[in-house]
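Across the two complexes that follow, chain A remains constant while its partner is chain B and subsequently chain C.
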Partner chain A sequence: MHFRNYASQGASRHSEAESPDQDSGVTMAAPMLRWGCRGRRWAFARVDGGSCHRRGAPTGSTSNRIRGQSSVAQQPLHTAQKPRKGEHKWAAVVGLEIHAQISSNSKLFSGSQVRFSAPPNSLVSFFDASLPGTLPVLNRRCVEAAVMTGLALNCHINKKSLFDRKHYFYADLPAGYQITQQRLPIAVNGSLIYGVCAGKKQSQVIPKMVRIKQIQLEQDSGKSLHDDLRSQTLIDLNRAGVGLLEVVLEPDMSCGEEAATAVRELQLILQALGTSQANMAEGQLRVDANISVHHPGEPLGVRTEVKNLNSIRFLAKAIDYEIQRQINELENGGEILNETRSFHQKLGCTMSMRDKEGKQDYRFMPEPNLPPLVLYDATSLPAGADPQQVINIDQIRETLPELPSVTREKLVQQYGMLLEHSFTLLNEVGLLEFFQNVIKETRAEPKKVTSWVLNTFLGYLKQQNLAVSESPVTPSALAELLDLLDSRTISSSAAKQVFKELWKREGKTPGQIVSEKQLELMQDQGALEQLCHSVMEAHPQVVMDVKKGNPRAVNKLIGLVRKATQSRADPVMIKEILEKKMSL
Partner chain B sequence: MWSRLVWLGLRAPLGVRQGFTSKADPQGSGRITAEVIEHLERLALVDFGSREAVARLEKAIAFADRLRAVDTDGVEPMESVLEDRRLYLRSDNVVEGNCADELLQNSHRVVEEYFVAPPGNISLPKLDEKEPFLHS
Partner chain C sequence: MLGRTLREVSAALKQGQITPTELCQKCLSLIKKTKFLNAYITVSEEVALKQAEESEKRYKNGQSLGDLDGIPIAVKDNFSTSGIETTCASNMLKGYIPPYNATVVQKLLDQGALLMGKTNLDEFAMGSGSTDGVFGPVKNPWSYSKQYREKRKQNPHSKNEDSDWLITGGSSGGSAAAVSAFTCYAALGSDTGGSTRNPAAHCGLVGFKPSYGLVSRHGLIPLVNSMDVPGILTRCVDDAAIVLGALAGPDPRDSTTVHDPINKPFMLPSLADVSKLCIGIPKEYLVPELSSEVQSLWSKAADLFESEGAKVIEVSLPHTSYSIVCYHVLCTSEVASNMARFDGLQYGHRCDIDVSTEAMYAATRREGFNDVVRGRILSGNYFLLKENYENYFVKAQKVRRLIANDFVNVFNSGVDVLLTPTTLSEAVPYLEFIKEDNRTRSSQDDIFTQAVNMAGLPAVSIPVALSNQGLPIGLQFIGRAFCDQQLLTVAKWFEKQVEFPVIQLQELMDDCSAVLENEKLASVSLKQ
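Right, the complex of A and B next:
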């Protein structure tokens, strides 16, 4: 038997400088140098002024946006706008390491509970506390979650995968090592397709792809609370041992927006699969970004790792900031250090977490207490095996839930909406469900529903910064309103008025509001015709203008009639009647 | 063979990890440089306090190097000695935990049900700051 030589740690794509903490504690070391030169990248974009997708004004660079946010993190803009003749453009390269907490009842290697908040150290078993004599026992649910995620991301599932120990010292890692899958992870070589909004009005969706290097199972660490006042750290091991899926995205992205969109899509996929709740605010999804810049055609630059990214929005900001920082640094003759940086939300900038200790060496070794993990498919399933003890990849593939991309396709097919609408519906938490509930209860056309939900409803939500769950308007209320509109009981402008009233949360139904404010449309055709006639008589000049072919004159007439009806007539109907009368 | 090496590891009272073969000894000279010692001390938080300790380490490595005498051409390496065993899969049920009091008893210092640890990472002294016993 000969020893596997872990000395070639260049094979591992990056190293984790510290425990995946929420609070940025001190880091151990700078990550390793090797980046991995790739000949081709899929989503390649020039970085002009920091924004890689045109957003209207050509001067709308990222630095501007960040400058507006904070007064501290100012960066010189002279470099970004107009490259001088002969000067190279910059290209940024962004890779991501994403840790998603597996949604399971118990932890990866022990039977203690997985829960977001609980009294400190109450969800900790002897194994989690790393007491001598304890051994890891693999949780079946976590393996299934990994296989499901791998399949959903088009990965090759390794029928045999291995567990390793990654050693480093930190108080929230009681064993002194983390069990992970460094040599042979459970899934490799997948892809994630995401859609970036571009075009003049952000109305076009451009599909992009990022390759997935691998997905591996690993343990989470505990939580450290730094008490600088008393010079101590408080340790809560509730999170220690929780199962994580580490998803490594190749450096195929080129700016903050692409990275943020890819992460959002991954979030949606994980949530659809049920493998992770992927809530960034609760720490169920953590993202570290690896960023470098270079001139196209030249070798890749030195990369930095950016940690402490707690939301999708900050993820994009931090990446764009770091790209611009690196460009500025290099253009001013400086150099980029291969280091770990932390993103500071309030200041809107990244700062070095550099520790003087130097490079980290994780001394990977096989986990001696765990045999290889063997997975089966329909053809290799051993006869008479205990179903509880075997995992069948084909069976899992057959029972995969519907993925977001399929959901979107169905929305487009079923309701005739544009693809970008389907993206919006899925991107906003709870919006799809709201939409589907309205559809269920209303007679109105799906296109009308789509328009009202995405424009009016969403518009109000955004204006007041509310989530769908906080909406004062229920799906039933909107459905009732759309029915009134559909039956031509009210006009569309009246409907908007009713919606505004509904938003006031006074507990009235649309029907009540309509009758209270007398917004019903005039149903009497005859009376309307009379009114039109009298208006035409009263304004002969306008009628002349219409007959002469002045297009605006018609609208003026319609307006006059509407006023006469106190806005209770359908403008479409008015126009019909007027045109008939004037035999146009 | 594993048990032999474990025994070897226990003999060397410094907790040196076995399997660290080639890095120290590329030319076969058997000497370990000061940089390697410093690196090991950081990684494993052990203290090679004396020249004798380093000499013992060198002997241990030389002993393990005798493995190279075995011809392993064409032999598929094992993953571990357990590789023929079935990996047991546990059902996803909550059966442990809720023993904070017991666990906290192990800790020297406790604050409101939290373990207390020293702050962050304590910097190790650099090579030139330490007692230079290797240089003399």
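Right, the complex of A and C next:
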């Protein structure tokens, strides 16, 4: 038997009470670690001197895409600091299980709609509520999303994969089992490359690779809402049966920063593919981390699983906390229990979930109601097959959109920006688009635009904790401002002043602000020469110093002239005039 | 009119000899008269009468929907019926009213059939007697037949007639009794290990199990998903073919239905000649427990084919003896899984205990399921434990493959149809039957039938003759996968040769009041 049906196609007499289907239907080297990683800025990890390192070979180290890859970054950083007496070296090992909700109109096995924050139990089909006699029908869109994601993550796509039932009793799991892919998942053996920043100024990006064990299709559960006051549990099944991609990352990471950066990269890939909205705040991307520590060269330690990691920041914090907790525990003669822990956001620590039932036996069993999922490629596609009933891997490969790594490379090549700048542009939601819109409308040099967007613009956003979409400054306004700067109509310090005005959201254009505040540069050479002359006469001592050869004295004179022009003169011009006048 | 076959009454409806409403009322009145058989759990009188009214309009306007328009049918109470309680004969689902129709039910209704009611069964179809449901056992109409009663009068040992009633077999015993007692013309059963064929054999009916994947399971409350098939119970092979014609075909709601085109409708040619047929007699089916009467009929049937020119050969299905154990492991494992949804949260029974969710689950499931269901859940979960999975479940799956291959090999060797007994013997009295527990009974009674389910093949039980006691005995034909039509064609030829007698319930019908009075007396005396 092969892949046959997709989610309910066409109108049917049964479907009145159900919403119509919306989709067409159907061990690397041990890492070293002594201290927890320090705080992350922006979205790519910073490897602070001495804080976080693993020997895992960075991929593509010969690639000239990666600048400034110094040998320093390759050395075990802990040697940079002298170990204190009696201190052991610890290595941490981190693996991740990531659940990404598939972006699809309908659920994995039923025709009910997928929507966040709909009224409770308003998106529940008979199958989702596990009414007796209902059967799963595979949603084609979800399979395509899994194949796309697998291809983007360099996975081997299994031409045949199987579904299994995983049993456990929980109120928000109406069938008493979850349909997943335990034995033979849809995609295996992939890799994810992400970049961590290193070096003194955090200005070098080092590519790291984490292996992807597998990607499996599975159902999401419903949500339980515990009302402790009335000791009630309320169940919302809107989420029950939504398609998930479980992406299993091998334990190739060594600290919270690496894990966070890998997750961020995965998030960008999923969003670029459109296979998941991957919004962690809405639970579309959920991460569990498996963490252990050991002495390098010795067997891996007992691992714990940390759950409830619902933001990238907390993910990094939780992992680093847990690593340090395990080290402390072991150094104090304690032992690590193989347990599930949850991260408490307010306290910033992990706590045992104290699973009373102890070890769960999920009693896996093949799902008898779904035939094996068979995929085809150009060579295996049966002649005359109904395109609605088969999925062609090669066809999906052709439609893959540009991935973030390629976008970054293009940015580097096209605009000559540093690789780490391209990372920042992609990591901030909407920033790349903003940047590209400014570029489109301005005559200014791309480097100038990059600098303004990444330093000034992003700086303002961060300071006020705003998203790009909430910015008071539009790309057009910034473009106009940069044009004024480019044409030397205003000085760069005046430009900063204009930008500050723009941020006030008063609806004025940069041109209006410049003329209102009289920020134009003085273009009148004669007037400027006159001013310089007056300043020199008023400060003979400084002129003397210049003539004696004190270079800083020139700057003082320039400053004085600028002050006299209310900063409206170009310092380069002033310097030229002064030098001429003093015959230097 | 009630004693006719579906095809005959369909013709009568078309010719206007009777109207759907008249027919419906006659059946409803007979359902009331035979209430003591306990064939129905729910009688959907109002629904049926309304459907009859609509059917009547269609006939008047010359817009009949076909052979099934206006035909009273019954449906086993493990098929979802929209707006009609569906209990699986379990406390767990008492009061559960599904919001949707099973695909097979919907298809019958779309063809104009009248739904008389939901028929009794063993709880969740787990049993072979129709004795283990919360609504009590089903009585075999043959217990009250002239043929059986006369034989019993001759037997000096028999005395207490009324407590000596016979089981129907199961688990679709309610459906079998309903058709056998003329309360409807066809009924849906389900067949996981023989649950349609077994009661058909005991009640003198045609019991057909289609190929797995030919008929949708959507809405059939599962026992074992990988073996369940909706079954058809009728008075003759042609009737089964008519119903199959209405049911067969792919269903977008059941991913295990096949898309390959099947010959429709299932019109069965009358075979004039069986000389090109090869009938296989599996030697492993000759077991010591087989009653001599059944054995003798089996060999007479083989002789009949041979004498009419068919090639009859002994064949071997070498893994047969492992089949029932293998079935037990696979069945209980799926049962453990399928029953997990009955937790009292969304629908069905919920206990009064609310100290914790876990305590609620436990009490609900203890109160909701009988011992048989709980026992199967327990053993199934045992087989699925991580430490046991390889040794039991995986091994059983491998054996299942070997069993399926046995059939493939036999059919590849040129055999068209296999001929076997359906049951070890004729129906036994209830008091006799309950001397053994459900598990023992099931493994005895499913012996000839469950291997077919493991292989997904079509099979049909055909009533052959009456035993010395005046009770029906059936034989089973097994066909190649998706060669359902060929199988039924052979069965039809055989049916014509054996001329199985019609059940004589005249005495029961006349006697009905007496039987009912007796029952009344019994209940009164119990109260005193």
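Just a few scattered comments:
In this section, the second predicted complex is superposed on the first by the 497 of 584 C-alpha atoms of A that agree within 3 Å, B and C clash if a C-alpha of one lies under 4 Å from a C-alpha of the other, contacts with A are read in each partner's own complex, and residues count from 1 in each chain.
Just so we're on the same page, a contact is a pair of C-beta atoms (placed from the backbone, for glycine too) under 8 Å apart; a residue touches a chain by one contact, two chains touch by 3 or more.
Everything quoted here is computed from the prediction, not taken from an experiment.
In the superposition on chain A, A:141 contacts chain B only, with no contact to chain C. Once chain A of one complex is fitted onto chain A of the other, the partner contacts of A:568 are absent, as it touches neither chain B nor chain C. Touch criterion met: A:388 reaches chain B, while chain C stays clear of it.
By the touch criterion defined above, A:121 lies against chain B but remains apart from chain C after alignment on the C-alpha atoms of chain A.
In the superposed three-chain model, the partner touching more residues of chain A is B, compared with the other of chain B and chain C.
Of the two partner chains, both chain B and chain C are touched by A:233. Legend: residue contacts after superposition of the two complexes on their common chain; A:162 is shown touching chain B, with no touch to chain C. By the touch criterion defined above, A:129 lies against chain B and chain C together after alignment on the C-alpha atoms of chain A. In the overlay built on the shared chain, the residue A:171 is in contact with chain B and with chain C. Contacts of A:365 after superposition: both chain B and chain C are touched. Common to the chain B and chain C interfaces on chain A are residues 1, 4-5, 126, 129, 131, 137-138, 167, 169, 171, 233, 235, 361, 363, 365, 368-371.
Note for the complex: chain A touches chain C at residues 1, 4-5, 8-10, 12-14, 17, 126, 129-138, 165, 167, 169, 171, 174-177, 233, 235, 361-365, 368-371.
Taken in their complex, chain B has these residues touching chain A: 1, 17, 19, 21-23, 39, 42-43, 45, 67, 70, 72, 75, 77-80, 82-100, 103-104, 106, 109, 111-121, 123-124.
Interface residues of chain A, counted against chain B in their complex, comprise 1-5, 7, 25-28, 104-106, 110-113, 119-127, 129, 131, 137-143, 162, 167, 169-171, 224-228, 231-237, 355-357, 361, 363, 365-374, 388-389, 391.
Taken together, the chain C residues at the contact with chain A in this complex read 79-80, 86, 88, 93, 96, 98-103, 106, 110, 213, 217-222, 224-226, 250, 252-259, 333-334, 336-337, 339-343, 345-347, 357-358, 361, 381, 384-386, 389, 393.
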